[in-house]
Amino acid sequence: MTKTKYNVTIKDDLCKGCELCIEFCKRGVLARSGDLNVQGYDYVRADETKECSGCQACTLVCPEVAIEVNGE
Amino acid sequence: MTKTKYNVTIKDDLCKGCELCIEFCKRGVLARSGDLNVQGYDYVRADETKECSGCQACTLVCPEVAIEVNGE
Amino acid sequence: MSGNHAFGEAAIRAGCTCYCGYPITPQNELGEYMAEHIASAGGVFIQSESETAAINMIIGAAAVGARAMTSSSSPGVSLKQEGISFLAGFQLPAVIINVMRGGPGLGNIAPAQGDYFQATRGGGHGDYRTPVLAPASVQETADLTAAAFDIADSYRTPVMILGDGMLGQMKEPVVFQEPVKDLPEKEWALRGRGEGPSRYMASLILDVNEMERHNWELVRKYQEITKNEIRYEEYMLDDAEIVAVAYGTTARIAKAAIKRVRKEGIPAGLLRPITLWPFPKQPLVELSSRVKSFIVFEMSTGQMVEDVQLSLEGRSRIQFHGRPGGVVPTPVEYARILYREYHLMKKSRA
Amino acid sequence: MSGNHAFGEAAIRAGCTCYCGYPITPQNELGEYMAEHIASAGGVFIQSESETAAINMIIGAAAVGARAMTSSSSPGVSLKQEGISFLAGFQLPAVIINVMRGGPGLGNIAPAQGDYFQATRGGGHGDYRTPVLAPASVQETADLTAAAFDIADSYRTPVMILGDGMLGQMKEPVVFQEPVKDLPEKEWALRGRGEGPSRYMASLILDVNEMERHNWELVRKYQEITKNEIRYEEYMLDDAEIVAVAYGTTARIAKAAIKRVRKEGIPAGLLRPITLWPFPKQPLVELSSRVKSFIVFEMSTGQMVEDVQLSLEGRSRIQFHGRPGGVVPTPVEYARILYREYHLMKKSRA
Amino acid sequence: MKQLSKWPKYYKKDVITHYCPGCGHGIVHRIVSELMEEMDLGKRALCVNPAGCAVLAYKYFDIDVIESAHGRGTAIATGVKRMKPGLFVFTYQGDGDLSAIGTAETIHSANRGEHITVIFINNAVYGMTGGQMAPTTLLGMKTTTTPSGRNPGRDGYPLHITDMVAPFPGVIYAERVAVNGPAAVTRTKKAIRTAFQVQEDRLGYSIIEVLSPCPTNWKMTAKQSFDWITETMSKEFPLGVLTDKRPKTGNGGGR
Amino acid sequence: MKQLSKWPKYYKKDVITHYCPGCGHGIVHRIVSELMEEMDLGKRALCVNPAGCAVLAYKYFDIDVIESAHGRGTAIATGVKRMKPGLFVFTYQGDGDLSAIGTAETIHSANRGEHITVIFINNAVYGMTGGQMAPTTLLGMKTTTTPSGRNPGRDGYPLHITDMVAPFPGVIYAERVAVNGPAAVTRTKKAIRTAFQVQEDRLGYSIIEVLSPCPTNWKMTAKQSFDWITETMSKEFPLGVLTDKRPKTGNGGGR
Amino acid sequence: MLVKIIFAGNGGQGVLTMGNILGNAAMNEDYHVTYLPSYGAAMRGGTANCTICVSDEDIASPVASEPDYVVALNPPSASAFGNKLEPGGQLIYNSSMKGKMPVRGDIDFYPVPANEIARSAGSERSVNVVMLGAFLKLTGLVKLESAWESVEYLMGEKKKLVELTKKALAMGYEGFPFPGDES
Amino acid sequence: MLVKIIFAGNGGQGVLTMGNILGNAAMNEDYHVTYLPSYGAAMRGGTANCTICVSDEDIASPVASEPDYVVALNPPSASAFGNKLEPGGQLIYNSSMKGKMPVRGDIDFYPVPANEIARSAGSERSVNVVMLGAFLKLTGLVKLESAWESVEYLMGEKKKLVELTKKALAMGYEGFPFPGDES
């Protein structure tokens, strides 16, 4: 069987840029976008090039339910 | 030296006739008077004939500071 | 039966299933009656840790649709003021009984009427009003308790019953209404969202415009209540030239006084407000067209007299006679006053 | 400096050595100011576990002669009502600040004037009154805070200051009085019996006749206060044909409105009660001899308007304009109303 | 002639109290008055009396007294002591006053370690108001608000508030005693003396819980209520020192 | 494709909360919402929300909610549960709400063993009102009302109210947890699940204290506040089960 | 017609029971009745009293600042309430107990050796009903039979107590008036 | 004359400081001044604003339902408060941040690349004062010098910060007007 790939989707507008997800992502998948969302926060973006392990650390610590991680 | 004699004085009008002093007097010095005081209670009287040991049990338990025990 | 017991029995028959209270003289027998009897009627008695807790337990019970009641006496009622303001904000029905005693502070446990302002002006914060009912006999404590629950439910508002130590303690014969069966469902009550949308009850309305709308909505409700619920008793008013205004215990005494002076041909009468808020302004206005002298009797230093002044707007002469601090005036005392006033009037006419 | 800070600084300079309070918006900065500054002035700050505890700590401090103060906002002030009644019963001086917000219930944290009844009628139980001061600028918060302590001491009564969220939060320049030195001894204060006879403070007076005497003694004191302490501001009244009555924030807005309409030749003026109790009845009565139209502006659904009615007893037409819920009306809005009213008057005259 | 017992200096002379026959309040009043004299505290003492049967304590104690709103005694005492640290300040409170409506004030004054002393009269009922359930009422005990006995499912369990505050760092001394016999009275006096001394030594908060008879509402004779304290009440509320954090007493630090 | 994380059914869809970045309330909200779904409670749940930063919880939880006056949550919950035992009733309260102004309601509802669950968010400050001292504020900690740090002599000591109620017979389960990392969040969810189950099993009262970050008033970044909980706060408030009186769990009877 | 009576004595002497028996009896004879007990702190220290008003029309105030009758079960109450009596009022007192009596020439004194009678009726504890019996005889306010009925109604199940109480009532009733000890 | 200004942005962007600096400066130029911050729950979620009124006579109300000027440090505040502007009002906004702008023809827009300027002034954190500088240039409400003085008064001891702030103020002032990106 092939090892599953994980997609990380961020709901830009919910993010408050607290960076907790970034802190707890061991794979460095997540980073600030440099952009501001509707709330005026520099929200987080997932780096396609990095490989997500599906560990869920980010979703567990995110106070805003802004992250979704799905595996194929 | 002669052994001290103790006098027990009751302030009739303060007594509420709760009988606690009577209960705790091992010498049976105290008893109801059969009379009513200003409060309308059957107050306690000390029996001259009985011998008080000066143990203070009565004064300790009296809620009304109605008893005085003195030794000569 | 005593007034305190009558409050309790009437509440149970009115379908009150939640009584929460904290002991305080002179209304202890009310809570004790509930402790003994409400359970067998399927209700719950909770002796709360404080009056503050009691009023908040009532809020919870009312929020899920129960007919809920709490009772206390003056100092304890002061502690309920925040909760009463919340009931008003939530628009929740509940009955609060105040068996008044002498004040301020601990005061004493004798009958008094010093909490009229607190009850009618809202001792709590914010723009709200509570209907206030004032019984004058044990029978009426029973009748008005039933009425209080109905008013509370139909307008979704806390209702206060203002008694005093005498009414609470005295025993008189009393006839109760039949226990009410199946009260109407309260669709607004919280019951868990079930299959429907979730709902909430909140008095916090951060948006000032929404809050203002809410405040005016309350005002409209209070206008409705004022239109429909005013109650009062007229006693020997038809030919009255002097009218006493008194509620509760003082009204009883005034009646006796009026009987006396009537024997001596003095045309005195009584207007007894039964609802203190809304206050029976109209009947007073009408009377003022022909009655030139009103005497307000209170067991206080003068509180309801303001409502009489507001009603009459200077149209007639208003006298006040108050006995605060738990002193219960005598019929003779009142009679003397009516008598004096009448002769003054005659003189001034001549 | 903000109104909340001005309250605090003025209190410290007035010799307040005990501040106890519990946080609540919009007056948190007041407590925070005290936490930071009262100690260096030799005073004590206590963040109490609740508003109820705070008012009782104040009672203790006042009983031993300290100048003591507590502050809160609407819901918190409701929780202090029992304590205020005790202060009145004990005849203890203390200052209670209410920085009002929208209500009832949690309401919101915007400026409102919905606690007028509670403050002026005694939200607590029993027959008592509290002097109530209403500042309209940051400068006046400072001045009236000082005045409040003096009134409290000279009559041995709790004094209330009624502000609102806007006054508390806004910053304006302010000049403070010099810190007071050595306040007069309070011989009545408890200090341990020492060599003298023991003394006590009790609001419990079981004997109804004694209690009644006490109640009338309080009334006499309140009459004294009414005689000596009434404060108000007259603004452009000399030739006014329309008089606005407003206090605090709404009075500021009314002034601006009056300026506007004056430009268009409309003879409007303002009477601003500074003491809400005792209420400036006399000046209104005098005005009513020539002024036929009064407009009461409040940020509530109508509370002070009752005092205006009680003062005028139907002598003049009284209009009410209220914006509850935290809405702050604009000068334009008030101007429009004055304008309309003036033209109505002219018509009705013609 | 030597006088074994005499009228306490700070107890009003030959006063007739309003207490019922056999009431424990009278005994504790006498003890406190005696200590006022023996520890020379009377002249600078201030007692905060409760709403409860002891609401009239100021008619008996011959020291300065201020009444409190029901349950607020320790808040008032806090205001007093903070303003006048030189005064000796103690509250005298019943179980309803202290552990029902006054719960928050009791716990937070203790947690602040206010330099006050609390005399806590636990008689397992609301005496003043006619014998309703108190937080301290025993399970199964009949009161006017628990006519068929206190039922934990409906009414909860006896509350041990002294045990709850004893562990607080600011609570220097806490002991539970009783006044149901000569020896017990003597121990109670010793305990209150210690508690008073803690305040005098500026160490912090001290509280003495006194199991005290209420014959009227217990519907017992005075003697029966003394025995009931021994046989029943002290089983639920065991006597003893609950904490003693006085320096170098060997057993500091409480339980 | 398997969905590892999804929007909780009982959390309002794509709602933007008013919480500050990194606030613990959001994390606990999500956990509670997930459990409402996983334990199938949402339809008959009633949440009592506090006066505190969570005062707007009803805008997020997609279940029935009633607001409470500051500190009175458990009294309201008592009224609700006694009238409608079929409802699942929980309060969501901050440390000021629950352990300051609400002290009496908290203690007596626990002592009555009401069948309710209390979610106690301990962030060591009054968040809503701008960071004043709370009963839970640590010694030396600077807040807007302790500008030079909490001083026990003036301000008292950190109050451990969960430990105080844990011994009550009616308190079936009490645990202190934190939400300062993925593992901690998972443990917190487990604890709340247990507490909810206690109510479902009609056993009695359950309370979960959650050490929760308040970056704004702690003047830290979200990550710093996570670390501060580990390094400092949990030293004063040790994590763990404070009582577990569930039948046949072997370790019943609590501490 | 309006009659105001105050029953007074120690707590425990059964003063409130007297009031209940009379009040109930009067009610059954279709009078308007109010009953007002002393309450609260007044209980403490063991004095108790209650006020009964009986009338053929509405009763304004259940308080009796100047009662027509005072029935005092012990000397302290006799002096306390005896002094409140209307001029011409009547004081029925328990002469088994010695103590100060009010000194008034404008009221009538009726001694009742209630303790002795009660003892002979079978129990010291029925002093209260003995006094009530005497009161009924003096005033004829309600029939002895009505009083009996309300005793049965109020004490219901407890048969022995009922019998004893009725007996004591009767003895107080029949025996009245009793020789005064002071001439 | 009466001028009402609203400063708005994220919490943490130093909006209240802007208000304090301007308010203080205006006060020193003997104007009547009121300063009203947003407070309480409004804090949460990190938006903040304050209203400054400057006048040569008493100021009635410190609220500005329809301000004359809005200085917006981020797009959300620009759209929120831009829509409240009086017709003919002026919106000074931070053009370094992209986002929706209010669509109104009846107000003037003044872009200020505040982040860039602040950075070049030495610290991103002085975006607020840069914007304030621009505002002063546009309105001439108070002299730059008065603003400098109040910076010194308010930040007192912290010398470095004072210098930095004054520099940023000046750069915002001198640089204004800035080329708009949208034509």
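To keep things simple, chains are lettered A, B, C, D, E, F, G and H as they appear, and every chain counts its residues starting from 1.
In the analysis below, contacts are C-beta pairs under 8 Å (C-beta built on N, C-alpha and C of every residue); 3 or more make two chains touch, one makes a residue touch a chain.
Keep in mind that what you see is a predicted model, and the values were worked out from it rather than measured.
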Smallest count of steps, each to a touching chain, taking subunit B to subunit D: 2
Dominant chain pairing [most C-beta pairs in contact]: C-D
Centroid spacing, where centroids are CA-atom means, of subunit C and subunit E in whole angstrom: 39
Intercentroid distance (Cα basis), subunit H paired with subunit D, Å: 35
Numbers and ranges of subunit G residues touching at least 2 other chains: 40-41, 45-46
Subunit A, residues touching no fewer than two other chains: 16, 38-39, 41
Residue list for subunit D, restricted to those that touch at least two other chains: 25, 46, 49-50, 52, 75, 82, 86, 90, 105-106, 109, 202-204, 206, 328
Complex interface listing, subunit B residues touching subunit E: 4, 6, 11, 13-14, 16-20, 23-24, 38-39, 41, 54-57, 59-65, 67-72
In the complex with subunit C, residue positions of subunit E that touch it: 51, 55, 67, 69-71, 96, 100-101, 103, 126, 128-130, 132-133, 135, 144-147, 154-155
Residue numbers on subunit C that touch subunit G, as the complex places them: 25-26, 109, 165-166, 169-173, 249, 252-253, 255-257, 328, 330-331
In the complex, subunit G residues that touch subunit C: 23, 27, 33-37, 39-41, 58-63, 65
In the complex, subunit G residues that touch subunit B: 9-10, 45-47, 74-77, 97-99
